[in-house]
Amino acid sequence: MPDVRSLYSEKVMEHFRNPRNVGEIENPDGIGHVGNPVCGDIMELYIKVNNGTIIDAKFKTFGCGAAIATSSMVTEMVKGKSIEEALGISNRAVAQALDGLPPIKMHCSVLAEEALKSAIEDYLDKSEKRSADGEGERTP
Amino acid sequence: MKRIYLDYAATTPTRPEVVKAMLPYFTDAFGNPSAIHSYGQEAKGAVEEARVKVADLIGARDEEIVFTSGGTEADNFAIKGVAYGKESKGNHIITSSIEHHAVIEACKFLERRGFNITYLPVDAYGLVAPDDVRKTITDKTILISVMHANNEMGTIEPIAEIGRIAKEAEIHFHTDAVQTAGHVPVDVDELGVDLLSMSAHKLYGPKGVGALYIRKGTKLVSFMHGGGQERRRRASTENVPGIVGFGKAVELAKQEMNEEAERLSYLRDQLIKSLLERIDRICLNGHPTSRLPNNVNVSIDFVEGESMCLNLDLEGICASTGSACSSASLEPSHILLAMGLSHEQAHGSLRFTLGRWTTEEELARVLDVLPQIVTKLRAMSPLLKSRR
Amino acid sequence: MKRIYLDYAATTPTRPEVVKAMLPYFTDAFGNPSAIHSYGQEAKGAVEEARVKVADLIGARDEEIVFTSGGTEADNFAIKGVAYGKESKGNHIITSSIEHHAVIEACKFLERRGFNITYLPVDAYGLVAPDDVRKTITDKTILISVMHANNEMGTIEPIAEIGRIAKEAEIHFHTDAVQTAGHVPVDVDELGVDLLSMSAHKLYGPKGVGALYIRKGTKLVSFMHGGGQERRRRASTENVPGIVGFGKAVELAKQEMNEEAERLSYLRDQLIKSLLERIDRICLNGHPTSRLPNNVNVSIDFVEGESMCLNLDLEGICASTGSACSSASLEPSHILLAMGLSHEQAHGSLRFTLGRWTTEEELARVLDVLPQIVTKLRAMSPLLKSRR
Amino acid sequence: MPDVRSLYSEKVMEHFRNPRNVGEIENPDGIGHVGNPVCGDIMELYIKVNNGTIIDAKFKTFGCGAAIATSSMVTEMVKGKSIEEALGISNRAVAQALDGLPPIKMHCSVLAEEALKSAIEDYLDKSEKRSADGEGERTP
């Protein structure tokens, strides 16, 4: 009898079974919202930033096993990282951290990278706005 | 953990009786049916015996059956064969938007080579309207191909009605009966078809063997060119053990079909009813009654099909989905979209297909496990939140 | 009476080890490799393991192997696939006049559809001249297809030389290696081929499964249209047990090939020598040395092949003939005619192909029986009289 | 295990194994020669006629099992028959007497019928000539 094999690596399946950081962050500092119903994967990624460091990250994902596992993994990877370090996380790094993804599932890791970038951009937009507002407060 | 297999529409196990019937043809009666010596002739005899059985299942004559390597080849053969055989008459083919890829992709290939294909729409139940067929026929129409029952959402199409229209218009009519042959009654005369595709591995026979029924007088160009096998209609050394297994599977199917269809229809309806009771925001895909006895297909809001399947698999339950994320394809099921489902719904589809070894206990376990999985996945779904 | 099988070129018995390897995939690990659940994934894993073995036999990478339903499909896929894939570049195909029907008929199909085919002649030994290939190339040539060894008279063609010519001219090169793979060394790089056909049942694997090697970068249109199997290159549910059996057969062939080729070549040469000694007016067909290790093909004057085969069969000996009267076809072997044999000689051909279970005793029995049969048939031959 | 089947009926095989009337007739009254090397079947049929009755028939055949069996059968069938009766023997009758032939082998029975017709024609030609010669002898 042959071995029972799996579509995904054990690491992917571990994250799929027990996804880390599921949920929303109340008053997040940044939200990333990527994907669309056509392709079948939708990710929302929330970050909390303190002093330029991501201190918390959560996600909500509608999607396949790889979409859930990459969401879970990317939230784990960013926690404790500076904004700059976080921007350096590539989709390959996420996939590698999961011991690889099947070729047709690599787009999920791309989505996870995009969700993170989008959340960080959102944070940067907001903080620019905040500092602009703050300056505004100071000037008049 | 004993696994629960509920993906019989994808493939069935080969029945032990079938394997037993095949075995001598690997090692002992292994001859090439084209050979004139005794090894060849005993192999040929076995192939012809299987041909009679397959013909018998669908009310055909044995010389109208050509063995192929499966349902896909039967579909390719029928569609390309008529297209090339009839191209002096016209280049228009009518099919439906819910056909199996084997039909759709064969049509698309022809489309790229100058043929003109109409993909008929279906209603919310997945039904093709015979009247649409009638209205679409032109004097260039050379083939109509509508499947007998859909592999994904189980709807059984009004083939006999379409058959009458095709006959009246004197247009060759093909049906893909891969999901029905051996499961519900199929009779080529009652259906009024000229061509009909079958596949052994969907009816407890081996993978890699199927058949195309070709009504006497149907003009068809060969698909597999080469030697003179199958009365010069399909070249290649016959898959003798596979064909023998197909014959055995068909013989058993014929005996047990009616009783089994009744048993499965009951289980199917029970499962549908209980799923709709136990899970909210769920709906049945396909027709409620004109439906394959073994097919349950639902869409569950806010959750994606592959992650449901994977979670079920972790519980030892094997099901399938029309989600984009299903293994071989990247698009969501064209079938569900054709019925008017939204992309979210198509991605949230889940198919259980029942079979010979399915028990009430197995389905009870599905009903135990699935609601929890849905709850867990909905807790992480951004779709649910955005609709709150 | 224990039968003596000497028709291994027509088909081989499936080795018991191969059947054993296949068995679990019928009833237990029966999943559809496209399914994401455990049954599906274990089937997929088995297919991929077999792919590695097949690739390994011919020096290819596993992603360059596409499983098919046999040698005929591999040939059809290669020829029609390149024709349609390259038709914007040209419509000229070069092949030989001794190809298997699977190649010839695929070419004829294309010819009817506007392609231009050159069928190169062969010399008296059945050899294609590489120089003829070179001279026939035009700027419209898109494919060269020359078989590695001929199934009927066993001549091994100068493929590596033709490969160099094809490479230089940047033309896709296909070889039908159905008779060589697993029997003599086959290496796609040494041969310089872009496409190579194989069939499992010629190397002690099951019928109904084969493979096409497709060198990375070779532009090919699908032949079997449908689902996304085989990296979208060949649709249809994979014949999992068949593919597993193919893999096992190839694995065994690789281990035993050299020794077996040597053993068979010796037996072959003994048989040829003794036949020429014991029967008058007999000649060897095909090349004396550039020849498949297991092939003996002779023409015997004044007697017809089928009646020799039938008489041999009555003595329990299974052989074949290129006579018109052989079962599936009504024409005499185009291969023997292409080598310049007269119709009488082609009709009087007899082929013995040796294999794994062939013994010296078996061949001694042939040598005992055949001369009497020839004498008996010559006594009733009007040809002999008319030449007296 | 399946039955061992044969391409041909038992009757065909019986005639193939033990063909009747193989050989030539010395000084035959008619010879039929049909077939050609291209199609792979060549038949020669000899008849001896006495008082309008075929009293002997022999054949030589180069060809497949069916060619040999039909040759054998047709020689058996004509013996003792009048010329007229013999002309009425159809290829179907020969095939039937052999318990049938595979469809692709029916042409062999046609060949046997033709060989017989050709031998009878030869006989008729010769006897016309003979009687013409005879008349010639009588007249001058």
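Going in written order, the chains are labelled A, B, C and D, and every chain counts its residues from 1.
In this section, a residue touches a chain if its C-beta (ideal position, glycine included) is under 8 Å from a C-beta of that chain, and two chains touch if they have at least 3 such contacts.
On a predicted model such as this, the values are computed, not experimentally measured, just so you know.
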{"item": "Higher-contact pair (C-beta pairs counted), A-B versus B-D", "value": "A-B"}
{"item": "Counterpart interface for C-D, drawn from A-B, A-C or B-D and sharing over half of its contact pairs", "value": "A-B"}
{"item": "Centroid spacing, where centroids are CA-atom means, of chain A and chain D in whole angstrom", "value": "91"}
{"item": "Rounded Å distance between chain B and chain C, as computed from the means of their C-alpha atoms", "value": "33"}
{"item": "Whole-Å separation of chain centres (CA-atom averages), chain A against chain B", "value": "40"}
{"item": "Interchain centroid distance [CA atoms averaged], chain B/chain D, Å", "value": "55"}
{"item": "For chain D, residues that touch 2 or more chains besides their own", "value": "7"}
{"item": "Where chain B touches two or more other chains at once, by residue number", "value": "28, 36, 38, 306, 310, 327"}
{"item": "Parts of chain C lying in touch with chain B, wherever the complex brings them together", "value": "3, 5, 7, 10-16, 18-19, 23, 26-28, 30-32, 34-40, 69-73, 75-76, 100-103, 105-106, 108-109, 113, 199, 201, 206-209, 221-222, 224-229, 235-242, 306, 309-310, 312-313, 317-320, 326-329"}
{"item": "Chain B residues touching chain D - in the complex, by the definition given at the top", "value": "24, 28-29, 36, 38, 41-42, 44-46"}
{"item": "Chain D contact footprint on chain C (complex, rising order)", "value": "302-304, 306-307, 310, 314, 323-325, 327, 330, 332, 342-344, 347, 379-383, 385"}
{"item": "Residue numbers on chain A that touch chain C, as the complex places them", "value": "1-7"}
{"item": "Chain A residues touching chain B - in the complex, by the definition given at the top", "value": "7, 13, 16-17, 19, 22-24, 33, 37-44, 59-68, 104"}
